[in-house]
Structure formats: structure tokens, C-alpha cells
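So that you can tell them apart, the chains are marked A, B and C in the order they are listed, and the count of residues begins at 1 in each.
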Amino acid sequence: MTTPDATRREPAEPVPPGPAPARTEPARTEQAQVDPAQRADPADHGTSGRFKVKLTNFEGPFDLLLQLISAHTLDVTEVALHTVTDDFIAYIRAMGDAWDLDETTEFLVIAATLLDLKAARLLPQGDVEDEEDLALLEARDLLFARLLQYRAYKQVAALFGELEKGAQRRYPRSVALEPRYEGLLPEVMLGVTPKRFADIAAAVFRPKPPRTVSLTHLHVARVSVRDHVNVMRERLIAAGQLTFSELVADCEETLDVVARFLGLLELYRETVLAFDQPDPLGELVVRWIGDEDAPVVEFDEDEEYG
Amino acid sequence: MSEPVVAEPDLPEEAEAEVVETGPDLSDDAELEAALESVLLVIDSPAGEKLLAEVFGQSVKRVTQTLKRMSARYTESGSGIDLRRIGDGWRFYTRDRYAPYVEKLLLDGQRAKLTRAALETLAVIAYRQPVTRARIAAVRGVNVDGVIRTLVARGLISEIGTDSDTGGILYRTTELFLERLGLSSLADLPPIAPLLPEVDAIDDV
Amino acid sequence: MSEPVVAEPDLPEEAEAEVVETGPDLSDDAELEAALESVLLVIDSPAGEKLLAEVFGQSVKRVTQTLKRMSARYTESGSGIDLRRIGDGWRFYTRDRYAPYVEKLLLDGQRAKLTRAALETLAVIAYRQPVTRARIAAVRGVNVDGVIRTLVARGLISEIGTDSDTGGILYRTTELFLERLGLSSLADLPPIAPLLPEVDAIDDV
């Protein structure tokens, strides 16, 4: 990845969709509602709570995205992705310390794509100027495709639930044999190995989980991305380059890891960083490419990521 | 685009489900007969007229008359299902003349393998023995009477006295059970995974 | 009317005792239906047409046609007995509109439902089988280890070898899964293709 130049890419005039696979056109009205410039207006924030959308339960990042989109009463389109980016990030931040890293990873990957898109001000009709645009478009298409894919299975899952409900109203006959036939049964077979038998026992004994995951811990912890940015800025200037693991080695809470990750994206936008990640899911190397005494760009973290 | 476009499968029970909203009208003879058929299909041991009358909120007299009428109808029509009053209650039996086919089916091993419910009940007994029926039902969250009867009949579990607190019959697994699992003693049962609640866990089947 | 009875009531009553000696004449449709009723009364898991055809020495085709006819007759007459093909065979079920009464007698009335995590995971497996855990996790965007373990233990999915490329364990749905959903086969599921985006790249994730 090369140094980004976020300022160069102004929102383009609406042009026909790019190389993205043909899909339903986003409605014009929706696009007006979600003008990124409007949302970035600080006047929009402050007293008006950012957690307008309260979700009760979600299963992973795609589910969260779909629920957010639905809460905004939008169709599932690329534009909708833009609209819910802030909400999505807010959820990650709020949930941070409630998750283990395993769960967080996928959220972070998706958050990164969303933020990339937002940072680039890449509208659905984004004009392709160079390879970087193309990569971003591909990332957007992939994210969108995965979202649609998840939605398809989620719809099927709902159907499964209905089928199960219907089936549960029909009780199968399964009764003890009439005494006259009892002597006729051949030798009984368990049909399972001891290991499987133990698994079955474990499944039966396992306490039934609560039906929903409590979100009462939302809003509890707040971590300043700005503080983390400053910490990382110092370290990177001193070391020249560090891996992401090294950068988060001293983090005690998942939320801090999330904040560092978001902070990196922020620094990336300042064009003082470059990322190297040779393999997908491989080690992420962060290189300082900025001026050592570059002025610290002030940013309002609430505005950008709230 | 946002429509859940899953095609509605052909579900005839959807229409029937609506009828349930109002509930079957049991004052209608045909409805009461059908309701009795449903219940008789799942009971394990003969059910008395009094119990059935309570279930349907009907008089014992009417339920008794209805059962007799049904029984006569099955016999007259030559149904393979025989509704008879034996001992102190009613139960579905196979009609005598078709017994040879039933025997053939059973000898072929149709019931040789344990059902899922039987396997789960057996698992509870194996790891919690000696254990009462009430305790097993509490763990599985379902009535286990029929399954326990089956497991006893198959020789996989046996009674070993009564619980001193509750007076309930205690059950344990047998040598045959160990043999079928290929183990030489209960000590060889694999330890079961730590009993931590899992968010992902699904509920009882 | 609610009678799980043979259609032809003109079975000569007086001849019945003699018929037992020689055995029922299964070339007669009514006799075959009645014989099937008897056998269906004792099974505790779905019985396939092939097995039933062997038991009665009849062709699979004739047995299948007879079962379908019986099922339709029960439904039309409003019988409390529901004959359905679910999983890999036929079985008697209670008719759903009488569930409230059945549940009064059975403690396991309100059976627990599958969680959303379980349903979503099953959805992916049902349509993509055989499929690895990694692929399922990629679709759902969450770790599925716990839910997969539970689904295997519950018998709703099973392992069938490993992926030749990644070495990951492959999973498929089981007959129990079909029974749980009341489906006769995977072919009964609605097609998912129209719902899916047409991007090949997803599979590379």
C-alpha cells in the first residue's frame, strides 16, 4: 500500500457505477440523507446522542451491519454501508472489552474497510483514477458481497426457525413396544464411540445459555483514541517501524487494542504511516514515514469515529 | 433488494396453524375423535378415561362413549390400528392379523439402534449414576418415562433400589452397556468436557 | 370425519378369521394400507419405502404410492394422526392442531428451539455441504468452533472427512437435522442461488 492522499479525492460528480457488479441502484433519496459531508459536520454531534440505534443482540459484524442498515430503514446498498460506518465503529468501541481478540478481529477487518472507504470519500459511483482506487473498489465490492451472502444465509436461517416451529407442533410416535413384541428385538446397538457418547453427555449437561447477550456494559468503558495515537506516534518515531503486535503488546484490554488500531488508521490518514502486510492475516508492519516534528493534526475523535 | 426473498416452501401446516388460534371445537364429535387420536398416538402406557376427560375438558361419559365408538370404527373398517381398553386404560395396539409383518420388521432390526432421546438419557445415567428418573428428567428437560422403560427392556440400565431422600427408583447402567460401548469398566468412560456455558450452545434437542 | 381407516369398508367381516390363517392378501390395497398402519405403529424412527417394501414383499413403487394415498386420506379426513415422510422415511406424527392437548400429556411439550447461531450455522452447512469450519466462519464473520461442537454432539451435523486443499474437517447435515425441521430431504429447501451475490471472490476469503 502506498501513501494515501485523502485530500485529492473529492466527492465526484455522480457517474454511472464503476466496475462493481451490477446491482440495484441506490435510491437517490437515500443518498441525499447520508451525504457524508453532512454527517461530518460537528454541529450534528454534541448533545444529540450518537447511540440513536440500540441493538439488542447481534451475531458478528455482518449481522451488526445489517441491523444498523435496517435501523436506518435503508436498503442494503453500498450507500447504506457508508451511512452506518460511524455506528459500526461506535459499537466496536463500546463492546471492545467485552470481546476476546478472536471475536474482534473480523470486526476490525471490516471496520478498516469501512473507514478506508469513508476516508477516501469513495461514493458508490466512485471514479477510478488509479490502482489505489481500484483496490478500494474491490475491497468495497468484496465487503458488500460478503454482506449480501451473510444476509442470504440469515434469511434461510429464519426459514429454518419457522420450519422447526412447525415441526415441533407435530409429535412423532415413539413409544415402548407392546409387551407381545418385546422378546423380538435384536441386540441393541449404541452406534456411537465412547468419545461421541461423552460429547453427547456434555451437550446434555451443558447449562442452557441465556437467550440474548446483555449489552448493559455498553457505554461503560471509554478509551481515548487520541491518547493511543500519541503513544504510538512517539514509539514509531523512535523505532522507525514496528509490528502491530509490538504496538499493542502493552495493551491489557481488547478495547485498548481496538483503540490502537483505530489510532493507526487515523495516523494513516495523516499520511505519516505506511502499512506492510505481505500475507492476508499475516503480521502487519507499521512504518513511520512522516516528518519527525510534523505538527500534530488535531482531530475530533467523536466526530470521526463516534 | 431488501426483501427477504426466500421462497415460501409449500407448508400445508401454515393454514392449519391458523385454526389452532381458535382451537379445535371439541363439542364436535369428529374433532374430539381426532384430538383423542393425537393423544393416543404418543402415550406410552394405557390412559384412563378420567385422565383423558381432564385433558380435553370433557365429561368422562362422553370421552368413554367416543373411545368405544372409535374402537368399533377401527375394527369395522379393518384398520391396522386397534384401539383397546386393557387394564385400566386405552391404548393403540397393532391389529393381530398384521402381527407377522410387525415381527418381521422388528427382527430386521428396525428398532435395533437407540434413538437420540434414548442415547441422551443413557448418557445422563452413565455419568450420574445412581440417579433417579426425576433427576434425569430435570437434566434433559423432558419426560423420560418411556425412554427409561425402553432402556430397561433393552438391558442397558437396571434399577438398584430407591433414593433415601425422595423414594424415587435409582437407575444405573449395566454390564451390557459397557460391552456395547466397548469398555471394560465405568472408569474407562471418557471424561466429559468442562461444563461451561457457551453462548454458542444450542438448546436441548 | 377423523378416521385412519382403510377406504374400502366392504371387507367381508366373516372371512377375517380365516384370512388370518393364510395371512392377509396384500395385493388388496385396503389390506396393504392396514398392514402399513400396524407396522407404522411400532417404529420409533422414520421407516424408508425400501424397508417397508421388503417387509411386505411388495414393490417399492406400490408401497410408496400407498403411503402417499394414506397420508392424503388422513389429512382429508382430519384425522389426529398425521402420516409424513420426514428424513429418510415415513412415520406417524400427531396433527399439529392438536398440539395443545398432546403437550398437556407430555412433559416435553415446549421443546427448546435452536438458537440463532445454531440456525445460521446450519443454514450455511445445509447449502454448502460438505463445508469446512473455516468457510462457515468466513460466511458468518464469527468464530463457529463452539456452535459446531454442539451441533455435532446434538447429532444435527456430522464430520465427513477432510478438505483436500486445506486439511480442514468437512461437515454435512444429518437425517436428524431434516427431522428436526420436518423436511423429507435437502431438495425441499428453497434454492438459495437467487439470494446470493454473484461474486466468485467471496469464496477466496
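As a convention for this text, a contact is a pair of C-beta atoms (placed from the backbone, for glycine too) under 8 Å apart; a residue touches a chain by one contact, two chains touch by 3 or more.
A quick note: this is a predicted structure, and the numbers were derived from the prediction, not measured.
Taking the mean of all protein Cα atoms as the centre, the chain whose own Cα mean lies nearest is C.
No other two chains have as many C-beta pairs in contact as B-C. Of all chains, the one whose Cα centroid sits at the greatest distance from that of chain C is A. Chain A and chain B, compared by their mean Cα positions, are separated by 46 Å.
Distance between chain centres (mean CA atoms), chain A to chain C: 38 Å. Put simply, the C-alpha centre of chain B and that of chain C have 17 angstrom between them.
Along chain C, residues 40-45, 92-96, 99, 102, 106, 111-115, 117, 150, 154-155, 180, 189-190, 195 each make contact with two or more other chains. Shared contact sites, meaning residues of chain A that touch two or more other chains, fall at 155-156, 158-159, 163, 166, 169-171, 173-175, 177-178, 181, 199-200, 202-203, 206, 208-209. Those residues of chain C that touch chain B in the shared complex are 1-6, 9, 11, 13, 16, 19-20, 23-24, 30-31, 33-45, 47, 51, 54-56, 75, 78-81, 92-102, 104-108, 111-115, 117-118, 144-147, 150-151, 154-156, 176, 180, 188-191, 194-195. Per the touch definition, chain B reaches chain A in the complex via residues 1-2, 4-6, 9, 11, 13-14, 17, 20, 38, 41-45, 93-94, 99, 102-103, 106-107, 109, 111-115, 117, 119-120, 122-124, 126-127, 139-140, 146, 149-150, 153-156, 176, 180-183, 188-193, 195-201, 203-204. Taken in their complex, chain A has these residues touching chain C: 21, 57, 59-63, 102-103, 106, 110, 138, 141-142, 144-146, 148-161, 163-175, 177-178, 181, 196, 199-200, 202-203, 206, 208-209, 211. Across the complex, chain B is touched by residues 23-24, 75-77, 155-156, 158-159, 163, 166, 169-171, 173-178, 180-182, 184-192, 194-195, 197-209, 213 of chain A.
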